[in-house]
Amino acid sequence: MTILFTIRQKWVDRISNGWLNAVTFFMLLLPLAIGLGLVIESFPLLHKYAFTQLIGSSDWSPMDGKFGFYDFIVGSLWITLLSFFLSAPVCLLTAIYLTQYAPGWLMKLMYFVIDVLAGIPSVVYGAWGVLVIVPLIGAYVAPIFGFASTGYCLLSGGVVLAIMSVPYMLNMLMEVLLNIPVELKEASLSLGATYWETIKHVLLKQGKSGIIAALNLGISKALGETIAVLMVVGNVVQVPHNIFQAAYPLPALIANNYGDMMSIPMYASALMLSALLLFIIIILFNILTNALVYQRNK
Amino acid sequence: MKKKIEEQFFLWLMRLATGSVMFVFAILLLVIIKKGWHAVSWQIISEVPQGGFYFGKAGGIFNAIIGSLYLAFGSTFLAVIIGLPVALGMNIQFARNKRFVRILRFLLDALWGVPSIVFGVFGFALMTYFHLRASLLAGIITVALFITPIFIRALDEVIRTIPEGLLEASFSLGATQTRTAYSVFFRQALPGFITAVLLAFGRGIGDAASVLFTAGYTDSIPHSVNEPTATLPLAIFFQLSSPIPEVKQRAYAAALILTGIILFISIVSRLFTKKYKKNIL
Amino acid sequence: MTDNIIHIKGLNVQVDNKSILKNINLKVPRNKITVLLGPSGCGKTTLLKCLNRLTDLQPQLQLEGEVLIEGENIFHPKQDITLIRQKMGLLSQKPFPLPMSIYKNITYGLKIKGIRDKVLLNARVEQHLRDAGLWEEVKDRLHATSTKLSIGQQQRLCLARGLAVGPEIILADEPTSALDPISSKKIEEKFLELKEEYTLIIVTHILRQAKRLADNVVFMYFGEIVEQGTPDEIFNNPQSEILKEYLRSGH
Amino acid sequence: NSANDNSISISGAFALYPLGIKWTEQYKKLHPTIRFNVSAGGAGKGLTDVIAGAADIAMFSRELTPEETRKGVVLFAVAKDAVVPTFSTKNPYSNLIHHKGLTQDQLKAIYFSGGNITWGSLLDTIGKDNISVYTRSDAAGAADTWAAYLGGKQSNIKGTGIYGDPGLADAIANSIFGIGFNNVAYVYDVNTGRKRPGIDVVPIDRNNNRMIDADENFYNNTDSILAAISDGRYPSPPARNLYFLTKGKPTNTAIISFLKWVLTDGQQYVKAAGYVPLPKEKIKEQIEQLN
Amino acid sequence: MTDNIIHIKGLNVQVDNKSILKNINLKVPRNKITVLLGPSGCGKTTLLKCLNRLTDLQPQLQLEGEVLIEGENIFHPKQDITLIRQKMGLLSQKPFPLPMSIYKNITYGLKIKGIRDKVLLNARVEQHLRDAGLWEEVKDRLHATSTKLSIGQQQRLCLARGLAVGPEIILADEPTSALDPISSKKIEEKFLELKEEYTLIIVTHILRQAKRLADNVVFMYFGEIVEQGTPDEIFNNPQSEILKEYLRSGH
């Protein structure tokens, strides 16, 4: 019986490890395949124009064969940064509050909020943004700062995007903070640190890599969001000079045009190049944060 | 004294932050409810589109509800059976190979930023290559591809926080890596697992762009995975773009129904896991 | 009449209607060493945690009664718990180094108290590490991470870290459990020295250690204080059966 | 690859989806054995599907580009639509706009200059309020047609880009000094025949006399504008055809009979859906393509 | 010639060019109790971890040398490490209960070995908890979480859990450090009983415990084995200065 059991155990192990290796290989392959697919799809364009020219030029007129991505790249970076600075501090503070100070029921409530926020389709976020955020910014916020704005602008996009990245960032931040052993808190508290000092010096330190990962993923998420953003951001091919001007981020470019223009090879190729550019931006960005974390850990 | 002020200051800041998240959520929900409430009826939940549905006439979005549930459950299931081993493996079986894990994390993170429409395009390209038509199956696969990285990384961050002592404890009892992964780490990470699943599920049920090209859209309920299917986000999307106010209102009703579905699933799954939670370190 | 720095009145702690501490009444004299004895699981750690309200971190614990420290009830909602905790250093049973370097573990408490002067900090780090008998082993790697230390080293690090804050009351939960005799001895000597200025409450399972250190011994059993008194009363003239057996096993 | 005898799959522009659904439904009532599979995803998606054999019919809402024409597809105009310039009812110049209208050149100037044109200067009056120019952000038949009317491509016309027709209509309704363009269905309520609340139409001054003459004034309700589009008083572009498109001439009898029905009996549903039925001669041309 | 179940040959462990273990050569006799002594931080835990390759988890450790268990080198890449670990139960110094109920902590190891029979499992759980002296305290809450136990209870739970797997070799890293004398005594008795069938390696700081248990004593200092021999040799006739001092402090 035991022998049978060991044999079974061996097989369970073998199968499970086989499956693990297979899916890990697959998950390794998927990003590579997508990256490669994007390169292949954008090849017609890359073949025709120099890469530096594509990303350095502002001239966008695809029907006349002019493909300059500069404004889109800048738009993407701006809106992502903006949404990051709007959401990251809020999420971090909220996560700390909920896991350390708030009564338990509030945290439980927030889990439902997170689940629902994650599940609301981006179209709905976009429509909501048009109904609530755009008029708010166009009619009230922009005038306060002395700008005239239609409300369809970088800031609206940033706000909507920030709200959309809340569930992802917040959830991960909460998990990271919750999993820090309570004994560490005890240790710091018994040294006479205030609760806040404990959070600042011990919790945030212990959770550092998790926190950075959460914020990092939040940014990545924001960088790739399409529909909701494009509904409020104004979609003007330009480099915005302030947050009350319209911008045109890369994902919006794809979503605005793909379905209707995919039968035109150069156009489709340009849209896939946009996706490739996003991919590259995220990878560069990841290299940066990784280097940061790694350096610090040393 | 200064410390007190600092703590109080941050405490208020934190309350403000939490309040603003709640506030925004409330406004979001309120707008959806206000716009969609009147259109919610038994008919819209239980019927498929009838003649002239898209002109504000009779019918419902039962096709989309069912389609979305099939799609979201199917793809979440796929994401879990692919993602769970990977997330555990990164912290157990492959833990020694730090560089490999770093690269894997790195690549998965990059996938977070790929717009879902690109996954749709990717899925569509594969479908065209294999001469397949839009179908539930294609939708499930595409959505799974795109929620799996989300699931893996969300879970991975939770598993990473598990103390090494637990790994040692289980190994020294002679447990295999597999058993350690599924009996010990999985258990310890269970609440995180549930949240990660719900996050992936939410993303899967809420995304329109990736299914647009792959699952198609139809007014009938799919009877097999080879048939195309409607989904709630697409239903919302179509109806929002209608010139007819009744139809637009139904888009919000659909959003409300979707919210209800998510809330229901969220409550049920969290209640279900509550009893396992107590054993966590 | 002795001067009691801590006075515990009718302290009860419950979890899910199960009592962990039952009607604890205890006076802890100032500048003396009080030793807590008792079988594993009898509630010693819980008692210590009550004294600096670390029980706050476990909302499932239900507390009743009063703990007066220098006459003030620490459970009173108006109390500034941080000040109380600064007065009382707790060395926890399972050592938990803070997620920073060895050096920073020690300066952590000092910085909280507002000491920033580099030279002073360096001096204090050395002094406290020496006090805990860890200096020689770690002086070359002060800036290495503290989590890779051996358990005994971690225990001594936590001790040094606790001493650095200079609390009035030191609560030490089995402070030498992971230590070899040489290190233990150094620490015992340190404790006897500290008693001049501080009040100490020490949990230990080593009877000889208790005998060497204690001015006052408290014996607990299943959440209750069974006997208390001078070492002489407790060790040479135990009243209850259980204490007698406990002493027999302890050789 | 091709459809089996009683199943037709249709894919393509969102603009035609509701009408496509209506047609298939009505047709199914007459031919209960037939199965339809209608999905939307954009004009280009429809065309790609048809070329790849993944769909039998594509719904198409813009003109083919030369590249696309080369792929050997056959177009069937099935309905008409028109894009009209719009502004907000809140606009203080409203009366003047109704009175004078805007000429094609003025509209061109608005859409190509990209700003700094005031309502005052267009309407020969004082008033320094800049026009807020809106356009569609999504590649759309409407925008393409509008751009064609102005002599360019969608990517040449400037303005804040709004996603989708209803989005643009809402944006215009809320923007006091805004100007935009919409498909007629989004401007006029098919049921009441009146303009939707908040939105108004800029009359086009075709003869450049800075006056909206009686024969240029047909924007009052659905019937009048549809009639004007139908008989050509409203220019084309911005009026345009909506198409069904197949890969080569259809051979499958099911598809042929469906297309025929759409072009004949099916036309009765067009108006109720907010589109313009095709003129008789145009229909005849289309049917001839099938024979 | 005695029968040696473990044979360590020239074992070196380094981190960042710092030696933790230096040229360890050791034979561990079968069915005997070998006690490891040595000041805190001298490498005892590291040595135990090498024996069942838990060092694998820390890629920064560089290992050299051979560990033969029943003649087989466990560092050989072809070795099935799970089988080796099943043969050797390690009770770690800091107890880590698994995130499940008390009951399941014990059955975890049993299930690994394929025992599924409910009745048998129940019996085994009771038996091992009794062996570890924990039964009375937890019998009413077998299905409660194990993580809320007191440290001493956790230590005993981990012992019970380790015994349940029925390893051939038991590596116990300060198994009674958090325990009171009564519990310690029970466990010592258990160890002496276990010796009939098992081989034990025990790390302890309590010299009296070492004397009571050991058949063979190994004294380590700064990563090296300084002396080894029978208890009589070590305790009554120490050679090196450091051991002498160690014994002096240990009373």
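First chain written, first letter: the chains are A, B, C, D and E, and each begins at residue 1.
Following the convention adopted for this analysis, a contact is a pair of C-beta atoms (placed from the backbone, for glycine too) under 8 Å apart; a residue touches a chain by one contact, two chains touch by 3 or more.
Keep in mind it's a predicted model, so treat the numbers as computed, not measured.
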Between subunit B and subunit C, which partner chains are common?
A, E
Leading chain pair when contacts are tallied as C-beta pairs
A-B
With chain centres defined as C-alpha means, what is the inter-centre distance between subunit B and subunit D in Å?
36
Subunit A and subunit E have mean C-alpha positions lying a whole-number Å distance apart equal to 48
Averaging C-alpha coordinates per chain, one finds the centres of subunit D and subunit E separated by a number of Å equal to 81
Within subunit A, the set of residues that touch 2 or more other chains is 9, 181, 194-195, 197, 227, 255, 258-259
Can you list the residues of subunit D that touch 2 or more other chains?
41, 45, 48, 164
Going through subunit B residue by residue, note those that touch at least 2 other chains and give them in order.
3, 163, 176-177, 212-213, 240, 281
Which of the residues in subunit A end up touching subunit E in this complex?
1-2, 5-6, 9
Subunit D-facing residues of subunit A, complex
60-64, 126, 130, 135, 150, 152, 227, 230-231, 234-236, 246, 248, 252, 255-265, 268
Given the complex with subunit C, which residues does subunit E contribute to the contact?
15, 37-41, 45-46, 93-94, 137, 148-153, 155-156, 174, 177-185, 205-208, 245-246, 249-251
Quick one: in the complex, what on subunit C touches subunit A?
49, 52, 54, 57-59, 82, 85-92, 94, 96-100, 108-109, 112-113, 158, 161-162, 165, 167, 171
Quick check: in the complex, which residue numbers of subunit D touch subunit B?
1, 9, 11, 14, 17-18, 21-22, 25-26, 37-41, 45, 48, 52-55, 164-166, 169, 183, 185-186, 190, 272-274
